[in-house]
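Chain IDs A, B, C and D follow the sequence of writing; residue 1 opens each chain.
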């Protein structure tokens, strides 16, 4: 499959680009919800518009009423989200949760997918336990209780957890914390007894929670996939989320770069446009190269995931790590090249820096994925 | 102690600088011995001149007829060696071997030091076993045999091994390969029965050997320090050698940088001196900064070693790693900024690149010392 | 040497007696810093008594002459005082741009009368100063500034706008670059001093990405400045400004040690362990590479200060120190954010003392902009140290 | 699609029958490469038979039209042939600057007569070509070249000097940039072809830091070149040169895959294990960071080739590929040297096949110089892609 967009994908990119620039713009979305102290950090109206556009169902099968598209298409939407810093529950709901729900029972799919498609529902995932992404280790316990389970443990960095109607929780039904097997995924309703969440605002104005599961009782129908067999779905969900975050990161990098290159063409110092200075030209050209390459890595990984290729996991980590480095470079160069005004809240470049930082951390940072590249490669 | 040279050190630097530029120049020394296919890779006449200048005895105590100076002074000579790429056995004989011999018996000191002082003798050290520096692991065995020892094993990267009158060999007298204790240092004469060396020319035109010890019999008097107690002297010798190599590396970096900055002021392209291009100016300025900082780190480590401070080992590794990165940058930028002619044997810049590579590897490269920094620091 | 040892033990005794326990802890936030000035309030009795003891002893500005409110300490003595204060974690009794910036300029360029008057006020923390250098159109190209002082005989009438004036909204006086001759770019600037309460001066805080507002835009609308209120000669203010910039760069570089030159690997491991985790092997490698650079830079900082003392440092060397020190500090905070993981992303949680990691990280991004950008530093190194031809 | 599957199986059968076992191993050294030309000698029977089978089939230049000695393969077929050859490690039957450089220029700018004549010779490996572009004073600033061809009616008389002419001492013919109008910098250059045996042509090999001499200085002393021996219009040779430079950059970038885009971590671990060692944790981290960049660049290479096929690639994109690809390759060899340790330092030992690691490492340093330096590539990206104002 060629590594550029086909006609359908190009059309989707055009409409996502237009939609996000018009409806999802920084001023009307990110700044608005931030400055009004919104408890969700995003707008439900916009989320419903996502539904009307069909974006919410990109990864939902046609049988379930979705578009039945793939990660390339989800990435197209995410890249535009990244460029415009549009706050939305797209990544957690339509990518992460949708991927897991695709493997769930008819009952769970019927319960949750319709709300997702219309943008009425918001979903979150609870994976991390501690400040770093370490999904290899899951200590949260789900013990048999009647014909259901009782969940106990703590989860951190649950993005949109407080706004979610349902949270997918990875818990251990057998084995010890570091075992690969014995993991089960649960669809936990927001109002489950024993579930409490402590919401914190993050640097990018998104809202995450620290979650405590204190004997949360669920019936067997809440299990996604098989009991003790959640690892495979978890991996699938994580890889979908990682490449989604990487696609959004490419958008962040491109947004920051475009804004900076524009600035280089406007700002004068020493009687010249600063974009005439060769040192800045070379740095901008280097950044451009890195952004293009990162984007290629992301599309490659998306295609491999869509093809269910064995090398997909490696390429997902390559892409997440590479984008992490590139987007980091883009926002650092962006702020530096803007000079003093880059440090002010009035200019948007700093917002790119903040979003990049949160996105870097989500589902594994550069270091986590570099380690994974080494391990998958066999060294 | 201030981190600049005092009057005596400044005088020494002046005389070393003049001596090396006149007697140790690339054309008359490195190129001469290289192009005539010299089996030593250096000139014995020059080595005797080192003796006449007193350089050979900088680290030899005054009681033993040396100058009783410290690592700062040895580093002054080494930096000039580095700038001029002067091939000599100074680092292996007057730094590494001299440091170990300083802890040796009267007998060994009497046997070997006079020849060192006059530049009649050349010494080498045999530490590495394998292609990487891993002195924590010593597999070469020294078994009790009569009132002496019988040594068996293999050593690699023995610089000047084939030219040396005596080689200091680290061997194991007890314990297993990875034990910290149980190591003993031996002064092995070149003509010891069972000792064989296979000389190879290295990229920088220096000559190293692969050494096989096949039941080399030595009497007890060949032991440097105490039996089983060699680790401390070995560490001391290695740190002396490492900071010496780092000082030489600073010289290599400075030599390459100076040559390159000069070239930037001469070569024209697009109707301008290439040194007028801001991108090259910034890279040169960055390189300058790195060289200055590396030099400060080296002097700091030398002073700490001279003061026998507990933090010396950490700073030695910091300096060796930092210089490794900086000298690598200097020679890469040097060749690149010279353009095509930088790739020719006719120009000297490539010789700096070759020397840097060998020096980087000697006694631990950037990665080895970065690991050591982490371990000594406690993480 | 014996004298110095005596001085050390006396200092230790004096500190023991005069520095309250509460003042022997690291500064945690802006609240803990005492800036002085007309409207200053002490946060605590301890802060007040420590400040007053220092003023009486001349220890707000220990190296300044006694005549100007200092303690007249020799460099070696001042170093001992610093060491002894550091030993017990003593907080600075007074923070002030008057001490860091204007003071050195006055010591070098001021008249005797100015020194006695202004330095005394600074030493006693009576007047809080701010700096008026940059303008919206003049950042790196500072000398292109346009704020103009029209000559009206015994006074100037100043009009224009400054930006990045630190704490201008809380300052009493400003030291300010004003163009007094439009015909000469370099020799047409005067280094003026005037009261921020003068009619026509107004300020507007700038909200930064860190969420703080330490800087202002400052506007001058027909501000009357008496003719005697300038440092150095009229139209020669650029000399004073250049001198101060060098000084500022040295300060920002962190060459004096402290946080900016220290290794962080072990601290990050401990922090990870507190969260029940370990360091990623790859992050550990990056930390080691950072520690190497930080410790090497620390050695350079020491060397630089040693060389300055005896006049061996290249006059452009502060630019190199500023460049490397600030880039290093940005990298340090990037790594600290990585090691801190999602916890360090929190913007206003209690556990992060109100987002200290993330706000601190964002704050460092200004390091390589303020006081001369990294790009300007590299230009200066290329030209003044490497003598590369002008582009 | 069915046709392509048929083509694949036919190709597989043909290769099975025609590619000798000996030709199914990686190229180990220069000896293993067959360059063709008047003085060419085959190293072995296998090399000869493989070459001849390919010539007969048009597989020395599979994508060229059959009329010019190629096999006239469609892009998709050519890709299958490449894949099938790679699958069995088949060596290229013929290496040649005629194939890589002159051929594409002739295909685009040549007359029909030139194509039949020169392309045929190239396809059959009869003539070995070299390239005359750079001059001692004209490296990055190529267009400033001075070699001059004086117009003598039916021929030019060429005088001047070229440098970095690859294998000029073994080449039969040269394609060469010659100034034919001193008044016009860009539109005063002609792209000429002439026989290296012409009186007045002499060459002198350049010894490189790798110890090899693949390049020469080439001197022209009153060399007579017939007027018909030029490609493109007279005085419009710069268009041909620019086209070829783009092509060369694409080639050097390694975008086509192979070594330059592959990860090395696992190979380095195996190599370390062979020496009984392990990877330093810090080196392992660097290798992982490298592998990330290499695999991402590999994806970019694929994307770039896909886009070129359908005309979606920015025309200046080869400059980006060249910049990144060559910098990456230099880094790859630095890491390979580190992983190889002291063994890789050996200059002529048997164990290193005569210093392959160190000589190969040194060779890569030219990657970012030849065919346009990294600095020139960055200039082009800044101007032609980012549209930054001219400096």
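We take it that a residue touches a chain if its C-beta (ideal position, glycine included) is under 8 Å from a C-beta of that chain, and two chains touch if they have at least 3 such contacts.
No experiment lies behind these values; they were computed from the predicted model shown.
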item: Chain whose average C-alpha position is farthest from chain C's own; value: D
item: Averaged-CA centre spacing for the pair chain D and chain A, given as whole angstrom; value: 42
item: Chain centre separation (chain A, chain C; CA means) in Å; value: 40
item: Cα-centroid distance, chain C relative to chain D, in whole angstrom; value: 56
item: Chain centre separation in whole Å, for chain B relative to chain A (CA means); value: 51
item: Residues of chain B engaged with two or more neighbouring chains; value: 277-279, 281-282, 370-371, 374
item: Shared interface positions of chain C, touching two or more other chains; value: 281-282, 284-286, 288-289, 375, 378, 391
item: Pairwise touch network: line, ring, star, complete, or other; value: complete
item: Interface residues, chain A side, partner chain D - complex; value: 2-4, 261, 264-265, 273, 275-278, 281-282, 284-286, 288-289, 292-294, 296-297, 299-301, 314-315, 317-319, 321-322, 325, 369-371, 373-374, 377-379
item: Of all residues in chain C, those that touch chain D in their complex; value: 281-282, 284-286, 288-289
item: Chain B-touching residues of chain A, taken from the complex the two chains share; value: 277-279, 281-282
item: In the complex, chain D residues that touch chain B; value: 134, 137, 139-141, 144, 163-164, 206-209, 211, 272, 275-277, 280-283, 286, 330, 334, 337-338, 340-349, 355, 358, 361-362, 365-366, 368-370, 373-375, 378, 391
item: Residue ranges of chain C in contact with chain B within the complex; value: 263, 265-266, 268-269, 279, 284-285, 287-289, 291-293, 295-297, 299-300, 302-304, 306-307, 309-310, 312, 320, 323-324, 375, 377-379, 381-383, 385-391
